[in-house]
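Take a look at these structures.
Below, subunit A partners subunit B and then partners subunit C, in two separate complexes.
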Partner chain A sequence: MTAPRSKSIVLWTFVISVLVLLSAPTIVVIGASFTSGNMIAFPPEGLSLKWYAKIAQATELWDAFLRSLYAAAICTIIAIPAGTLAGIALAKYPIRFATSVQMYLLLPFTIPLIGSGIGLMLVFGEARLLGQLWPVGVAVCVINLPFMIWAVSASAASLDPDLELAAANCGAPPLSTFIHVTIPGVMPGIISGSLLMFILALNEFLVSLLLVDARIVTLPVQIYNSIRSIITPDLAAVSVVFVACAVAAVFLLDRLVGLEIFLKSK
Partner chain B sequence: MRQTPAAYPLTWRIMDGLEAFVAFAWPARLGAAIPWLMLAPALLLVGLLVIGLVQIGDVSFRTLDPSTYRMSENYTIANYQRAFTESLFATVATRSLLGALIVTVVTLVLAFPYTYLMVRTPNAMLRKLLLTALFLPFFIGQVVRAYGWLIILGNQGMVNEALGLVGVEPLRLLYNYPAVLFGLVQYMLPFAVLMLAPALSAIPEELEAAAESLGANWVRTFTHVVLPLARPGLVGAGLVVLTLSLTDFAMPAILGGGSQDFIANAIYDQFFRTSDQGLGSTLALLLVAAGSLLVGLVIALFGAGTLALSRVRR
Partner chain C sequence: MPREQGRDVEAMRESRPVLVSVNDVSMAYNGAYAVRSASFDLERGRFLTILGPSGSGKTTLLRLIAGFGRATSGEIFINGQPVSAVPPHKRSIGMVFQRLALFPHLTAAENVAFPLKMRRHDATTIAGKVTRFLELVKLGGLGGRRIHELSGGQQQRVAIARALVFEPDLLLLDEPLAALDRKLREDMQLEFRRIQRELGVTTINVTHDQREALVMSDEVIVMDAGKIQQKARPAETYRNPRNAFVANFIGVTGFVEGTATSVSGGLVRMSHGNVELAGIMAGDAAPPRIGQSLVGAIRAEQVRIAADRRQLGGLDTIVTGEIAEAIFEGERIVYEVRVAALGGVILRVFDHDPAEHSQFEPGAHVSLGWNASDVRLYGMD
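Coming up: the complex of A and B.
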């Protein structure tokens, strides 16, 4: 079946404008990071790696990047057991008040980010935990947790329950069944979920902004603070670090589970 | 009799021990509680948010004493009166709501053809390209994307430099309302496409072929077949885009340059500029309430079926 020409034209006009809209900032940031001039300009004033040499020596940027990595690691380490267990429980067991539990576990998405961030700031402030980095990891974990639960429960729902029964029938006790049958069965969900958690935690801006002080800024907050003063190409070079992380994450996600799973209807 | 380690390896012994421990610590008659035990960590983590909301509620009823910069001990509704009467907050709320509505419509119009081509194309390479172009910005983060727009739209940015080459005076493209909306649309596109995709891929291609074989042209097929069937997905995606853009902070802050504050920016300013935690909490609570109202309204209008979709994807 060939589509009529007018349909193709309309469709492709939209798709190409969206592609440009989606990619323009990324491409421009990458381009700007290689400029040899001082101000960011178009057309570029020549190629150089001098801004990369400059950020290689900027210890505060590296420290901020390491802090972001640390918070993202904490977030992922908490999310994997919490989200996996919850996802399996939701998909495999008949639970009383299942709808209410699901609604409750979706609160991180239904409460606006600024509300969640302010609330967690007050809670951590009351507990005198502000000024440390690990509460940032916990907070970012809480606000993105539904991603992890959803990824695992989608995997668990497609896992044939007969497999576990077969294992039990062969004499495997409950824990062995869980470790050797259930967990490998939901592994695609665990992988895609934890990847999402890590990369979103690495980029998280607003909740970081609310929970950090000047001594423990994470990289997105550092960039935000700098672009409000003066725009120099070294920030573009730092931003390329984020672009590289995103490319790596997309590549991994595609290789491990395939990007196409996001297209499936349940 | 000598037992070889291979016959009963150490890992099996450890597993035996663990099984015995589990059986001891969790007798079978408590089996019904197992799902709840598995849910416990997640319930506790989300519990932090609930405690946070309670805290916000508590602070929202206290006023700031300007002489000591402490919060009052007794409860009043003064903050709520201020939130509803001061024109600044009405302006900010109107600006956010109007902006969110425009962003939602534009995003859905742009996202629909993109999603359609992505799920319908037989070309696997093209589908991969479209998906990658979608996920990259999603994973890059708001601040870096906004920074990219600053380079493109700034006074000495790419667009103005290019206009300068053909002799056009520099235009002020940044720090205004359209710039914020533009940035928000770009930010929301991946969310919208990812929420539309399952709904569109659930529409059987044969239905369109059937409509066309009955003589409908593609425009009629689109308006009478595809669009109605995609409605749950459109409502879900629209709801998500509306709430996310209504409550966004980064785009108004960076692309609006302080002159185009949305509600989230007003809340932030109350906490970190004026240090009036009480009024900030009041505004935050009202925003949470408005968000819940939106979700409730959509469920009431379109049924809980739409939520089943938005439940799993943001």
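Coming up: the complex of A and C.
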């Protein structure tokens, strides 16, 4: 009787410490954002929403946030067609240089971001595109596109290959089959991939830092710049807003893709 | 004169009722043949079943007819036209897939409407036909349901309606009943047959289920190892299997081996050790040479069993054996009888009156008897 109990105590201790470790930064930043003092601190000194009130007034933060949204939107709009077509192609057709493509898909995990960031800075600098916002979206899309491709190709691989044959059998030419059967079939992958792309672009720091100038900083860069001068609790409040955005996106993902799986015949 | 011409065309159609003609079709993957030199004709309005074990090439042949893939050699004709260059969406063929392949993001009615939309029918026509075909498959009122909200049997019916709604020349069934439980499968077999008769659509069905083939079809093709073994009406296939494979695949069949000793008329006598056996050469096979090795096939239902050979008076061939197994199947008992005099071969016998307790226990000594006219002989070469 004691052996299972001690085993479960060890297991629970392990699980709880992992949970604490994972959530500690978020909890600290959320706690700190509600402080009524003037210094960033955890546990907070008293409770207040004054720092939220302050960031609501801070136009430079809002402008930076809107710029981040804009770059993330550009990134997602490019990623959806590019990643969808590539993902379907990878999952369904025998492709030449398949190994090379798979190596490319590992790039975001193997190449340090600073490396790809500097590369992109050189490319855009040469093309005289630095100092504008949309190249940030393009750059983030280029770097993170494999995530989109993965999401879509996973969806496409689980699609019953007979569905497309059935569409052809029903009289649908190849393009109609693609529009009416293949695209709806991989929709869960497209939705989860594009939400992922959007969040990654919204949070992107290093590449933005290298590609923007002082006039068009994105939100993470704006926060970083503020930290360098003085650390005030309003930064914690901004971070919490960021976390809330991410949570909202995950919630949306669950609703949409969950719904999509629900619509499937399983 | 135009009237005369019209009559001629009519007459020609009457005299050439062949809808599908498969002409020496082979399909090889990396040098291995999935289908080898398959040829057959199918007349308009007939229900044909291609029956065979898995890997026999039956599904490959069906998919070639549907246009999924191109035959390595040979040609398929539909309505007299070669179709190997015609893509699947331009063939007027409806198909019910093994896993149904219904579109999961559409409702039942939208699935049925899909072939009509692809053919650009107007909305009124589509709505009318969808309603009519959903009623034909007894799904009236369920059109608004999503596919996952329907039971397995209802999904089958949606798939049938989708395959038939555009009134194709030909209906293909790729083992759509294989996944159903037995009761539902037997209901759906009759349902397919009813719909097929009602619409008169020419149908090719693929299955590994011999019962399904016999119940549903006008004609049965038995395939094995990529080759067509026999094409005949179900009863003919059952009564006169053309070779030992067909005899073994359809029905419960025992096989006895022997050496030909004499040929008189249709009857061939052979011996196995001390046992005298006789039978009739199967199909159109030539009479055997004396001394040729033969195998005789006898259906389980044509073998009589008794405790004493005197109870089997009037039967040509009587052997003794020992009950190896007595299998209770509900409506019948199947005895497996080991016959030592025939090299220990196991012959199966049915007892259709198992209401009483099983008559013979394993180990019991029994006599088996049958008529030589019920034994089909095949050369062993």
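By our rule, the second predicted complex is superposed on the first by the 247 of 266 C-alpha atoms of A that agree within 3 Å, B and C clash if a C-alpha of one lies under 4 Å from a C-alpha of the other, contacts with A are read in each partner's own complex, and residues count from 1 in each chain.
By our rule, a residue touches a chain if its C-beta (ideal position, glycine included) is under 8 Å from a C-beta of that chain, and two chains touch if they have at least 3 such contacts.
The structure presented is a predicted model; accordingly, all values stated were derived computationally and were not measured.
Residue contacts after overlaying the shared chain place A:C75 against neither subunit B nor subunit C.
Judged by the touch definition given at the top, the superposed model places A:V136 against neither subunit B nor subunit C. Set against each other, subunit B and subunit C differ in how many residues of subunit A they touch, and the higher count belongs to B. Of the two partner chains placed around the shared chain by superposition, subunit C is the only one that A:A168 touches, whereas subunit B remains out of contact.
In the superposed pair of complexes, A:P184 makes contact with subunit C only, with no contact to subunit B. In the superposed pair of complexes, A:S176 makes contact with subunit B and with subunit C alike.
In the superposition on chain A, no contact is made by A:A64 with either subunit B or subunit C.
With both structures placed on the common chain, the touch criterion links A:L122 to subunit B but leaves subunit C unconnected. Contact with subunit C, but none with subunit B, is seen for A:D160 once the two complexes are overlaid on the shared chain.
Once the two complexes are overlaid on the shared chain, A:A91 sits clear of subunit B and of subunit C alike.
Subunit A residues in contact with subunit B (one complex) as well as with subunit C (other complex) are 173-174, 176, 263-266.
On subunit A, the positions that touch subunit C within their shared complex are 160, 162-163, 165-174, 176-177, 180-181, 184-185, 187, 263-266. Note for the complex: subunit C touches subunit A at residues 66-68, 87-90, 93-95, 97-99, 101-105, 114-115, 118-119, 146-148, 155, 162-163, 166.
Only residues 15, 18-19, 22-23, 34-36, 38-39, 41-43, 45-46, 48-53, 55-56, 59, 110-114, 116-119, 127-128, 130-137, 139-152, 154, 156-158, 161-162, 185-186, 189-190, 194, 197-199, 201-202, 209, 212, 217-218, 243, 246-247, 249-250, 253-254, 263-264, 267-268, 271, 280-281, 284-285, 287-288, 291-292, 295, 311-314 of subunit B touch subunit A when the two sit together in their complex. Within the complex formed with subunit B, the subunit A residues making contact are 1, 3-4, 6-7, 10-12, 14-15, 17-19, 21-26, 28-29, 32, 39-43, 78, 81-83, 85-86, 88-90, 93, 95, 101-102, 104-116, 118-123, 126, 138-139, 141-143, 145-147, 149-150, 154, 173-176, 199-200, 202-206, 209-210, 220, 223-224, 227-228, 231, 235-236, 239, 242-243, 245-247, 249-250, 253-254, 259-260, 262-266.
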